[in-house]
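Below is one structure; the comments refer to it alone.
Read from first to last, the chains carry the letters A, B, C and D; within each, the first residue is number 1.
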């Protein structure tokens, strides 16, 4: 923490801040500048709350210097975390993985048809929603446990591990039982109660970035999971609120190299939800590979015009197969 | 729904869209224009999913025409909803209410001290967090049920009804038992599982707008609560992601007259969380009154420098008393 | 400037940064912390470019401490600037002013009709565009010099000083000749060549905040004008890109108290362009008064359905008269 | 234009809208729906102003259906525009081009050193600023005409065409004389007076997207240039205001495939200004290639720590050479 004083702060103001710092058990280091004095706080074991200083006489600003996150930080752990999924699939540290499937599991036939198609095209993990967080209470909400059973059948039939979203404690209990990776969606990125529960799970967790979350907030959400003991966390960039309506959200690809520098956790991209329309999915998927993502999550549906959820952004199986070939030409997982 | 065709769409393309509409049981109305044809969908009982059309040959765009929300809409219910709280306090329809208190309940002494101060200044409802959704797992997380007991004691001692936040099903059960109004925070605005549970509660619910939620999304979140049978919902504008860092969030005061036109539900403003700093709280509170808010939620702390949460945005009791006098001069609740 | 080192920065890295600071003629002050070292830069006459440090070995971040602006800063000039306009109208320092009129000057009859109406309701300055910056090249672009002549006739007939926008050097020459206040629009907030020219003008300048400008950028734009010698600058908040489409832009009323703390310049609000629709104009105008704005700029048209520009956000004269009465009840110019 | 009526609009309200449409010389087509009536406007030669309807009794909304842009639209011209630059360099239609060089031209030696380095690495166009639009009036503003002369010398020495920014009419006159491509920067994207002047120039124009411009606004800015007769326009995505501070702006790569669908004009990306820091430039450049950009504009400096402008985002020549090799592996210009 650095406390910046006003230009016209008095010596007494400065002594007041120093006394406050010392009363908290830290060490104060005044730094007289040309125009104004700043006061550094030393020996603090972790971040200090600016609230404690910003209101003292003569104080202009309190600037945090340390990062608020610890366990997710690359300063804490230099080596890339490699998340290991049932069946030997690895994510991170050069292991590039594509997760593909429908937005929602609709039936065994639908799920199996799509799973076989995406497996044939090279996907290594099957995705499909059983609990759907929908903006409208009148939209399709998913098959719930029935959907999880279908996912287990798909895994049995294809050998693909499965990922699906949990939306509350109850569904997380079930997802932990049936699935191979527990997904926490963008709308729940700061559902801290759910994050803690995910931190106690014995399965890897994929955490999506919230729609207007800074990377600090994203890291702190992951920190909740790690702080409960679950270190198998995959981050996922899925787009933030942007300018205009050409895409549903703006895929923030700069987040990927930045996350890889700051954190040891793997990060993948979800171009489907960012795009919101088929036209943009394949280009953004290729872009994500080229910036260095550790993987992709892609929506695929064999009959998107009749999909019960997010049809317009789902690729047809043949489009997905073409995309997988294009990706292979782009050195996936090898950029840093 | 209006389906806009591409300029060069063929007659066959147009027939394809018409056939699709009719297959769904609706009525298609082609509208030949100067440059291109559009096709209206009639007789649909509710919103139609654009997904069903956007991918057909020759289709350029599918434009929703109906609103997605129903129960919250003023088209559904013309008269203002007046929420009635324990003790005869009313919100909406010209009844203006100030809720005030600390960000977090820290102790009985702290809560009671502040409650007496805000009551003396004219507040009608006491606020205080027992379950705190904090960005960092290392920040103060609240007294939980102990905090709820303190709130009940404050109510007993002062007569003020109390409002406090629920962050998951477990805490909502407890909040419903102890408090007079159940608060759903901005981070949980799209925690649909929690919204459904709040819709089953027998207490009024205050729902905060998410940090990057459109008003349509905000209305749909309220729709989840109403669709479960709880019509006693208060909306709360608390700021959205904005430009720059002079305030934590940008209080979107235009939302207030807009919500009042579109919906019968009362809407209040929370200038404290929007501002993030004391300097801006009172001006924004006055501004919210003047645009026509049905109430305010304000953070007050007698010793903000030692507050365990959000100290820098808490008003001192004397600042709050001044603000209450200023508000009284601004015709609270009388603007439309 | 504070240079924050990485946790694992070596002593050599720290010596490198110190040497760089000293080579620039400044004084370096290392501040060893618990986890990492920071290095303060002292004796710098003005802001230091972070570019100079951010790339040196071991450097994690370079945090600016001083403000980049000088002449606009309240640290430079404590007393409120009061802008004096032809005819004795004053803005700032408790002097509250309403500028009103049509978006565009369309004819002498139109301008005069509206000017008489707004004068009767209490407006002190007449606004009307002669040079219109329009998103589309096919939209109405204004009467240009002919419009300026009409403005001069309106002033002669009503006694109201007039404000109008300049969009390039040529139009600024003309506006300086005919009008009483030169307006620089949001789209030109960072047209630095035009700002310099405005700084050389002998008339007051009203500078609108850009649609996605931070307040630092807004202050720096004003700094361009002041640095050329023109200290008669009025700032204007007119809304920034926000969330959703209920308003055209989000009027950022928190900017008003913040600007008044940081700068001595007066700041007014333009609710008409922020709202983009009549419904929201009066509420936002009242809100701006209550947060402490030094004035308002409001669009008024006696026949908005036939206005050549921005009709849907123009108030009818009787709506404007009602608004002026409401404003009078809200203690305009007396909030701080 | 589609006029959506309120649910409770009367027959008289509907007749009023129809009469208004017919008075304007268009054809009205009422579309009675289940819940409400909509009225289509037919036979309108171009976009209709919603202002004309939004205020009539019973009208809920006026929804534009046609695109506002014409000349830039792919509906107007199916084939890709290929911009031809002095020396036979082509951009668009499969021709991929890298423009590289320093942010600012600082001296002949500096410019020539960098130009030779980027040419050796494969760049086809040299960039360098002579007129610098800087946020602060106290920052380096460029060498102006002296800088243009240096650019001409660089072209003579290396054979590379040169691109440089114009910031007002005066500088555009000079840039048109000396340079091969005229750049209009993000801050001037809606400086319509400058756009018109660029439309009269006899040189190609590179137009950068404004920092918070929608693609519709971007297209309309280009429309200004084309409507004056200059069809040689290159669009450039350079990042928009985003969430958080990990990058200066958020490079909106989804804009690239969208622009290529809607318009015939070539579009390149500027990852340097979006990133604002070296770390992110190469990943974003690769991402832009993979989404299908027609080219890149990259800042390169042999001594960024001493660069007079934007040093922290400039690549070293060897980093640029590595990037050019990486790009070659990514099938530049071949994605669609």
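Here are a few things to note about the model shown:
Everything that follows uses one rule, which is that a residue touches a chain if its C-beta (ideal position, glycine included) is under 8 Å from a C-beta of that chain, and two chains touch if they have at least 3 such contacts.
Keep in mind that this is a model prediction, so the values were computed, not measured.
Comparing the centres of all chains, each the average of its CA atoms, the largest separation from subunit A belongs to C. Interface residue usage between subunit A and subunit B, two copies of one sequence, is largely shared: over half of the residue numbers at the contact are used by both copies. Between the Cα centres of subunit A and subunit B there is a gap of 26 Å.
Put simply, the C-alpha centre of subunit B and that of subunit C have 31 angstrom between them. Averaged C-alpha coordinates give centres for subunit B and subunit D that are 38 Å from one another. In subunit B, the residues that reach two or more other chains under the touch definition are 212, 240-241, 243.
By the touch rule above, subunit A contacts subunit C in their complex via residues 2, 4, 6-8, 29, 31-36, 38, 40-45, 63, 65-66, 75, 241, 243.
Those residues of subunit B lying in contact with subunit A across their complex are 46-47, 49-52, 54-56, 68, 133-138, 167-171, 187-188, 190-194, 196, 211-212, 217, 220, 223-224, 227, 240-241, 277-278, 304-307, 310-312. Here subunit B touches subunit C in the complex through residues 212-216, 240-247, 250-258, 261, 274-275, 279-280, 283-284, 286-292, 326, 329-331, 335, going by the rule given at the top.
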